[in-house]
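Take a look at these structures.
Both complexes shown next keep subunit A, but they swap its partner, so subunit B is in the first and subunit C is in the second.
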Partner chain A sequence: MREHGTTSQRMPLEGDAPLEGGAGRLTPEELRRSLQIFREKLSSDEVAYINSCVRCGLCADSCHYYLAEPQTECIPAYKLGLVTGVFKMYFGSVGKVFPRWMGARRLDRQTLEAWVDSLFGRCTLCGRCSLNCSVGLDVTRLIRLARSTLVSVGLVPRGLQSTVDTALQKGNNMGIPRQEWVETVEWLEQELRGELNDERARLPLDVQGARLLCTVNPREPMFFPLSIVAAGKILHAAGESWTFSSENYDVTNYGLFSGDDDAARVMAERLVESMERLGCETLVLAECGHGFNSNRWKGPQWLRKRYGFEVRSILEVVADYVREGRIKLDPSLNPDLVTLHDPCNLVRLGGVVEDQRYLLERSSLHFVEMVPNREKNFCCGGGGGQLSMSEFSERRLSAGKIKAEQIRATGARVVAAPCHNCIDQISELNKHYKLGVETKTVCEVVAAALVTEG
Partner chain B sequence: MPSIEVGDKRIELNEEGFLLNHEEWGREVAETLAREEEGLEVLTDDHWKVVSYIRDYYLEKNLAPMIRRLCQNTGFQLRYIYELFPSGPAKGACKIAGLPKPDGCV
Partner chain C sequence: MTPFLRYAVFLSSGFCLVSLLILLIKTFAFGRRTNYAKHRGSAVRGVLYAFGRGMMPTEKESARRHLFTYSAGVTYHGGILAALVYLVLLLLEYELPAPLLSLFRLLLTLGFVAGFFLLLRRILLPAPRKLSCPDDFAANILVTAFVLLGAVHSQWESGLPLFFLTATAVFLYVPLGKIRHCVFFFYSRVLFGLFYGSRGVLPQEKKQEAA
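Up next is the complex of A and B:
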């Protein structure tokens, strides 16, 4: 496994300012390699982006970090400048001659340290800055590319790297042993039967040829399994043919966040293997924003192939049940005011926008939108791997102020968030900002409104 | 780096309040973490039942127990465990039991 940067391994070389993180230990050879990898990863599209930012600053007000803490370091164009400056120093004709004029900077230990602090520590890869960008830059793409460069020299923050490593080594990002997962599914099946008072209710495992293969975020079986029971209720009520897999069931892919395409490819391929092994028609992605983006959009790029099956969010599947009359909902069963958080990777970057609203409007008496919403919604502050990087947790909570204010302004008692990562962050915001809300998956709200026979 | 004072000892925590060195854990440490990090003024027998199970399981397996094991071994309903630890099993119970922060979306 990769070595991680720690302060104890730090060996500042002559001429360096003291460094807090792990960049100080890098050898001149590693620095050269980071530059080479940075250049290799840049496609012609990205080079065009690099030369396009006109520093108009319109992106500032789109970023939750800047709104929570209005300082230069939080402006997306500044963060982007840390990346584009390196390109201009080495590969742009004017920057080589007039580095200061072009904002060019060397890819040295200080720059790498600044990249870690800024690109991991002050960005959730939420993509909201691109909405306001006057020249339409894909800022997230360039920042992730710089994160990839940091992967190559082992500078990914420890908690994020550890989550990637655990997934690679153990098959899921919380290191759940296979037998524990299987026994948890069996235990939850009993809970489901008890709640529905129906012995035919099932949480099926490894059913060959089932129509749908469903996935979970490992934190569900590990700590928060009520969302699995909720999804199971809906699938049972719809009379669906579906299954879980006893292995390779993890919807998450922290390679998207760390920038590690090799790791991301391995993780995406696992779900493809489960689909092929069980011969299912549709891969159903649990309520997980980055898991949706990774498996619906990025997976085929990482694997360089078209999938031979359909990939859908469980929200799309359940919305179809309602449209087709396969399940019936009684909104009076959810009398509290409900609002909806739009996970960036599912909505702005994923394209699933209306089905969650369709479901909440039909399963709760009072549904209220946050402002702004849909593709303009603010990140919860927990995206981009932030939840796993303890060193930036104070900034994460501070930047979450914008989301907390949005939630408070709705007056809602329940926040539906179709992403387990967002749920965890919003639960922390709830505690920190004393919002007095309950956070649930969309399926939990829908399941509570289900009208079951008898 | 944040820390807590227990007796005359200073114990270091990570930025999210998890023990840096799980071997420094003890009854008083758990009570201090519960109070300062989780806002639990008193740990009842039921809290201790959960915390002790997590602690013993971790020492044996180097892994946090799944919520299923926690429910089955304490005899507590899932919802009751969430009531006991408002920050949940990971950021509440595991933290008080002195475990490091789990990987993943928590």
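Up next is the complex of A and C:
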């Protein structure tokens, strides 16, 4: 259990000039509250990181924002400095007395505006800088901490906040009513039966005691229903005991991006509730990078408890089917050159590194890696909630140039991306940079190579 | 003069150690978060990686891309360590054998050159300059001077009072400014290893294609 140290310092926050933007409306009381939240979110780990940064700047070209736009404001150490400066001002003994000397800064309206612009607008929380940091600082964690502070004063960009609000109010981030989800599953089940020519094929709903409870990204029923059919086809071929839930099936958790721990806790708890209600053994997370990080790693932390069930990515489950001979694949059914994008939250921050490769190597005739790859891969630019923050979309596309160049260098026709945020971003990059590729989930590639009876 | 400065070095180093200890206690007072998620990999292997292979340019793109700066950083810190050991030996009035003295001369000289290069880099390159605050320059100047004076003494056996004086200043400044990373670096590196190790991200067995 986390313990708190001394209570937040009471430093004067008033007196800074009002701004036109969102922070301009904040009252001195709200500013004080933001400092209080900042303090409450700090743990010893963050304090250690803050005391470790030497501002060497070697992290600069590990960031896709900096590579696309080489400005100081895009250097991770600069963005981090916006956060560490506040710590030094209120919680560092020397910074209080000699703020200029130590690079300390007040948590005022200007700082909060700078946080919104830099920490929401120039960061995807991909963690590539942390991996390349000379010291090994978890930059992502400190930036998310600052985002949490912005939540407390209502300074989360509107699009991102609205995605969180929709999920909280409607049960999923697309606001799909329960009946519509049930009907979509029924319709897709007919599609699956038609495709397999097998009346026994099912997309089961609310099956008590099924071994696996599968989740979806709500973008799938809305825009990519074939990815649900692909997953269903594989699970059916493996003879798996599985189910969807008619409620609380959303794998996404935009609280991770906005920094809203309370909202994130509610969303994580919903999947736990579905697991307990249906009595399943394993929670299977759909191909969704941040959904994996949220539910596999952060969920237990948000809920402050160990889960009594397994949490796995569908990629891990399907890779096991291939290893165990439960499904057979014919790579010649995917003759195009396929490459793989590594979603940051699944790979660098999630640890699912090899299973997707194992699957693509066995389900496509020609598979080629991007360079660099695995945990060293570049972010596509769509993470950290960027796709929902329209005010930063120009920067997002510009920062995606690095990924576009990586894809083009492979010469691939198909980009497999086990994450729907990444798929959306790569689809936009495809149009913007005229890459001429097709984006698919890994399960779609595997399903196309599936050898079915009859 | 020198006996007085000798005491100053002892006192300042005591102040440094006690202050760093207080800093650590204050840091721990913020509390730690418990990790409730089931591990996927080995936290121990992650920590070993963090202090071993994970520091190498082969593993770290930033080090590979900035090999000269990375090497300067390693050399600088080697020089600082040598200066500290040299200081301790002087305080103990230990007579160094000639080959060992030559080794110290080499390490201290290289350390000074590397430190001076890093200072110039911070002053001359726009990005590092904009990232820096006065504390960064002060820390670099102070420590580089300490290494330089160590090198001078090892070569000509002169300037001992100045070396002791600079050492005193360094010890007094360590807990106040960025040099405190001498302790927090290890803390952060352990956290790095725990994070990537427990999640099964690092160490990766498969060989990566280099960027």
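Basically, the second predicted complex is superposed on the first by the 434 of 454 C-alpha atoms of A that agree within 3 Å, B and C clash if a C-alpha of one lies under 4 Å from a C-alpha of the other, contacts with A are read in each partner's own complex, and residues count from 1 in each chain.
In this section, a residue touches a chain if its C-beta (ideal position, glycine included) is under 8 Å from a C-beta of that chain, and two chains touch if they have at least 3 such contacts.
This is a predicted model, so every value here is computed, not measured.
*Asks:* Give one word, clash or fit, describing how subunit B and subunit C relate on subunit A after superposing.
*Replies:* In the superposition, subunit B and subunit C stay clear of each other.
*Asks:* Given the superposition on chain A, which partner contacts more residues in subunit A: subunit B or subunit C?
*Replies:* Here the partner covering more residues of subunit A is C.
*Asks:* Could you look at A:Arg100 and tell me whether it touches subunit B, subunit C, both or neither (first, second, both, neither)?
*Replies:* second
*Asks:* Quick check on the superposed pair: does A:Glu183 touch subunit B, subunit C, both, or neither? Answer first, second, both or neither.
*Replies:* first
*Asks:* Taking the superposition on A as described, I'd like to know which of subunit B and subunit C A:His420 touches: first, second, both or neither.
*Replies:* In the superposition, A:His420 touches subunit B alone.
*Asks:* What is the C-alpha-centre angle with subunit A at the apex and subunit B, subunit C at the ends, nearest 10 degrees?
*Replies:* For this superposition the angle at subunit A equals 140 degrees.
*Asks:* Touch test for A:Arg200: subunit B only (first), subunit C only (second), both, or neither?
*Replies:* Touch status of A:Arg200: no partner.
*Asks:* Identify the partner contact of A:Gly159: answer first if only subunit B is touched, second if only subunit C is, both if each is, neither if none is.
*Replies:* After superposition on chain A, A:Gly159 lies in contact with subunit B alone.
*Asks:* Which of the two partners, first being subunit B and second being subunit C, lies in contact with A:Phe224: first, second, both, or neither?
*Replies:* The first partner, subunit B, only.
*Asks:* How far apart, in whole Å, are the nearest Cα atoms of subunit B and subunit C in the superposition?
*Replies:* Least C-alpha distance: 25 Å.
*Asks:* What residues on subunit A touch subunit B, complex-wise?
*Replies:* The contact residues of subunit A facing subunit B are 159, 162-163, 166, 173-176, 180, 183-184, 187-188, 191, 217-219, 221-226, 252, 288, 387-388, 390-394, 420-421, 424, 427-428, 431.
*Asks:* Flag every residue of subunit B that touches subunit A in the complex, lowest number first.
*Replies:* Touch list, subunit B to subunit A: 14-16, 18, 63-64, 66-69, 72, 78, 86-91, 101-106.
*Asks:* In the complex of these two chains, what residues of subunit C are touching subunit A?
*Replies:* Touch residues, subunit C against subunit A: 23, 26-38, 40-41, 50, 54, 60-63, 65-66, 69-70, 73, 126-128, 130-136, 138, 176-178, 180-181, 184-185, 187-189, 191-193, 195-196, 199-202, 204, 206, 208-211.
*Asks:* Which part of subunit A faces subunit C closely enough to touch in the complex?
*Replies:* Interface residues on the subunit A side: 1-6, 42-49, 51-62, 72, 75, 77-78, 81, 93-94, 100-103, 130-138, 296-301, 303-307, 311, 347-351, 353-354, 369, 371-376.
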